[in-house]
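You will see chain A twice below: alongside chain B first, and alongside chain C after that.
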Partner chain A sequence: MIAQAIMDGLIAGAMIGLGAIGITLTYSILRFANFAHGELLSWGAYIALALSDGLGYLSASLMLPVGPFSFGWSLPLAAILAVALTGTLALLADALLFGRLRAKGGTIIIMVMASFGAALTLRSLLEFLFSTKPAYYSKALQIALPLGGEMRATPDQLLTLGLAAVLVIAIHLLLTRSATGRSMRAVSENQQLAGIVGIDVRRIIRIVWLLGAGLACVAGIMAGLVVQIRPHMGHDLLLPLFAAAILGGIGSVPGAMLAGLIVGLSEAIAVQVIGAEWRAAVAFVILVAVLLTRPQGLLGRAA
Partner chain B sequence: MSVPALSTDALVAGYERDLPIVRGIDFSVGIGELVVVLGPNGAGKSTLVKAIAGLVTIHSGAIRLGDRDITSAPAHEKVHQGLAFVPQTENIFTTLTVHENLLVAANILAKETRSRRISELYALFPDLAARPSLKAGQLSGGQRQMLAVARALIVAPSVLILDEPSAGLSPKVAADVFRTLKSINETGVTIILVEQNVKAALAIAHRGVILVDGKRRHEGPAATLAGDPIVAELYLGAHRAPPAVGA
Partner chain C sequence: MSVELVSYGAFFLTIALTYAIMCLGLNVQWGQTGLFNVGVAGFVAIGAYVSAILTTPATESHLGGYGMPIVIGWLGGALAAALISFLIGALTIRLRADYLAIATFGVAVVVQLCALNLEPVTGGPFGIGFIPRPFAGLAGSPLAFSLLNLGVLIAVVAAVYLSLERLVRSPWGRVLRAIREDETAAFALGKNAVRFRLQAFAIGGGVMGLAGAVHAHFIGFVAPDNYVPILTFQVWAMLIVGGSGNNRGAILGAVLVWGVWTASAAAISVLFPPEQQARAAALQIVMVGLALCAVLLLRPRGLLGEVRVVSRYLDPSARRFPAQEIATDARKP
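The block that comes next holds the complex of A and B.
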């Protein structure tokens, strides 16, 4: 049972980790906790659903399952478009709301409150457009494959784990090896200095929104693929996402992923050991414990 | 008459519109000049150079870099146009390595010239060349200032502005910084230097400009100012009114 809990925890942790990377990037550069980030997961999942269904309508063959997976080519194609559209949604939110507040010198609390408002609006809009009924990318049933040691996982679940690993490595390389990544780290440390070394800070902010929203979209699609799609799916993940971002250390991409896995594993093991009703409390306990004992997180820098 | 490297025209700037700190300063620096801006605390020296660099709101007046009007250009565009600024504090990225600090600044150069320019800077600052992988936050005070200057020089600026580069440094390290600035100026880079270390700054400068209460009150050749009792009086807070500009 514990072995299976570990596998379930890793899969949940991969989704939490990807979402937490977006939170940690936006927090370290925009300096506020964006409570609308969970909604980007939900919107990403629903945009991919709408596009995938649309592609399936145009060509039924695109809906036929690919290899051992439950979905057809329509989903990966839709996912690429959904990443771009979720990024556009985040840029729109910045242009209409957060950017305007920043320009007026909005304090952190104003930005946080605005993000609560944005979250509520985006969630209600999803309920209005898609209803609160759960939706699925595919109704095909998948048999979990034995992995040894009483562990089992479906091909979809293994794919989400592999994709999360690839994305974390890609983001880490982007931040450490590319000019854009170095500029992002520079802006994260000191925006004013970044400006006087020639970095266009507004361009970096746009890149961070696109990257954070894109990762949220992928995490949302993963959650939709291995669980289900609901308007509240992102909102329900918000506490684990923040717990992972803070546990990993704000600004640290490997930290967010590692912490996402820790939160996912802790939740899964807690379900086995103390009962499912305590699952939601686990992220909260981790969050409080980290803030009290190591506020800079596992891989973050001390203030 | 040749165009100055940098000039301001009736510049009014500050953090709040009703409370300008720089109050109508006309100021110009010739090509290849090293000018030191002096003045008592609160005179507006740092605000003047921050306004020129694009970090403080300009309420009225104009700034020209050569013959280009850069008054409303954002800070990052001024760098592209050849204006480099080294703030007094927080002038390097402490979480980036020495080499990454230089790479970040070199981003605005053409790709093929970046490595060569960084090598040139390492040759000029061998202390930095010895530790490219060290986190900049682990450098000593003097090394940090050298990195900040090297970072600013990466773009081969036409005008380099430094805000109190000797602040917090030991006299020996401060002397090294001044020597380095003098040698940089001798390569043709125009330098504007804000300093509290009056003697050392005037020793390397061509000219000095004295600000009081956000206005230009006095200026002259550095050698003359070094022995001028007015300079001492202004710093000692004497009550006698300073003479008019150009005296």
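The block that comes next holds the complex of A and C.
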């Protein structure tokens, strides 16, 4: 039982980690806790659903399952478009709301509040468009493969884990090895100073939104693939996302992924030991414990 | 007909005024101190549940049923919410500003979860019923019943309003605003920002708990579904529209936003066929969300903005002259 809980925890943790990377990036560079980040997950998942169904309508062969997976080629194609569209949505929100507040010199907490308003608007809009009924990318059933040691996982779940690992390594390399990544870290250190040495701060902010929203979209599609798609999925994941971002240390990408896995594993073990109805409290307990003992997080620097 | 209209009006105002109390509590935290609470629904729920457990008649189905007087329930609800606010504040206020927001969001989630799952204490998904209403003996004549209830609420709102106004105008309130505007300067004058913020957060939380308790006694039952994030959102919209920092604005905003909310809900139930109503209700939230963002962008002060007075003993027109004299004096070599 515990071995299976670890497997489930890793899969959930990979999704939480990807979402938390977006939160930690916006937090360290735009300097506010974005309560609308969960909604980017849900929007990503629904955009991919709409596109995938649209592609399947054009060509039914795209809906046929690929290899061992439950979905057809329509989903990966839709996912690529959905990442771009979710990024556009985030840029739009920045242009209409957050950017304007920044330009007016709004304080951090005004931005937090605006993100709270944006979150409710985006979530209710999804409810309006797609209703609260759960949706799925594919109706195909999958048989969990035995992995040895009592562990079982479906091919979809294994793909999710692999993709998350690849993405985390890619983002980490981007931040540490590329000129853009160095500029991003410079902006998160000191925005004015970075501007003075010739870094285009507005471009960096756009890149942060695109990256964060893209990762959120991928995490949302994964959650939709291995669980289900609901308008509230992002909202329900928001507390684990924040707990992971703070546990990992604000600004640290490896920290966010590691903490995401820790939160996911703790949730899965709590489900086994205490009961599924208390799952949502796990993230809160972790959050309180981190704030009490190590507010800078595992891999973060002291504020 | 007119009797029904008057008692409906009284009922509407009664509920609107319970929101006004929540709004006043939020105003202490946000308007006066700049502390962002995303878990209003959680603190309101704590007050409501504690009061329900204290005052309901004896029962086997959940904890409590102590059958205590309503006033004890209200005070108990306020104290419990203030205590939880204090603990959460003590944990996060010394850290970054938005950690408090995240933690209060967590409180709302956990309170909701406890209400659902701690069946021996909270009655689980069905909640607690048979919460005694004030003047229940008069329920036979709706007009007297609703008017008396409205009277009770007006008295409670007035009491909360007057004591908060007194607090705000006191030296304590001035320190709060000084900290909100410039923490370093206040610290240099020997004011411990963390302690004052914590006190304000606990007082605001207590007022929200009181609001939850009062609300529970007018609707007669508590259930987890009453305390969902949309409640937090409504209270925020009320405060922002009314004008944060201004207690009268908080009350005005509560009545106005609740009026618009019930009117649009009524319009939806008339205009849309039953199967489309859930969707239309989502659109209602979208519109309020857009309105909140628009107010933040276009009129951050709200309808009644904060009144900038140092002390009511200083006449604002008289104050200008000495200030100018000092300013011109300072410029002299």
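The rule we apply is simple: the second predicted complex is superposed on the first by the 303 of 303 C-alpha atoms of A that agree within 3 Å, B and C clash if a C-alpha of one lies under 4 Å from a C-alpha of the other, contacts with A are read in each partner's own complex, and residues count from 1 in each chain.
Basically, a contact is a pair of C-beta atoms (placed from the backbone, for glycine too) under 8 Å apart; a residue touches a chain by one contact, two chains touch by 3 or more.
All figures in this text were calculated on a predicted structure; none of them were measured in a lab.
Student: Of the partners chain B and chain C, which touch A:Ala179 in the superposed model: first, second, both, neither?
Tutor: Once the two structures are laid over each other on A, A:Ala179 reaches chain B alone.
Student: Let me test your reading of the model: by the given contact rule, A:Val197 touches which partner, first (chain B), second (chain C), both or neither?
Tutor: first
Student: Is A:Ile221 touching the first partner chain B, the second partner chain C, both, or neither of them?
Tutor: neither
Student: With both complexes overlaid on chain A, does A:Glu277 touch chain B (first), chain C (second), both or neither?
Tutor: After superposition on chain A, A:Glu277 lies in contact with chain C alone.
Student: Thinking of the overlay built on chain A, is A:Glu189 touched by chain B (first), by chain C (second), by both, or by neither?
Tutor: In the superposition, A:Glu189 contacts chain B only.
Student: Check the residue A:Phe242 against both partner chains and state whether it touches chain B (first), chain C (second), both, or neither.
Tutor: Touch partner of A:Phe242: chain C, not chain B.
Student: Which partner does A:Leu49 contact after superposing on A: first (chain B), second (chain C), both, neither?
Tutor: Touch status of A:Leu49: no partner.
Student: Using the superposition described at the top, list the residues of chain A that contact chain B and also contact chain C.
Tutor: Shared contact residues on chain A (touching chain B in one complex, chain C in the other): none at all.
Student: Please give the residue numbers of chain A that touch chain B in the complex, ascending.
Tutor: 179, 182-183, 185-186, 189-190, 192-201, 301
Student: Using the touch rule from the top, collect the residues of chain A that touch chain C in their complex.
Tutor: The contact residues of chain A facing chain C are 32-33, 35, 97, 100-101, 104, 106-110, 112-114, 116-118, 120-121, 124-125, 127-128, 131-132, 235, 238-239, 242-243, 246, 277-278, 280-281, 283-284, 287-288, 291-292, 295, 303.
Student: Under the stated contact criterion, what part of chain C meets chain A in this complex?
Tutor: On the chain C side, the touching residues are 34, 36, 38, 91-92, 95-99, 101-103, 105-107, 109-110, 113, 116-117, 229-230, 233, 236, 240, 278-280, 282-286, 288-290, 292-293, 296-297, 300.
Student: Would you pull the chain B residues touching chain A in the complex into a rising list?
Tutor: Touching chain A from chain B are residues 53-55, 74-76, 78-80, 84-85, 87, 90-96, 100, 103-105, 107-108, 151, 155.
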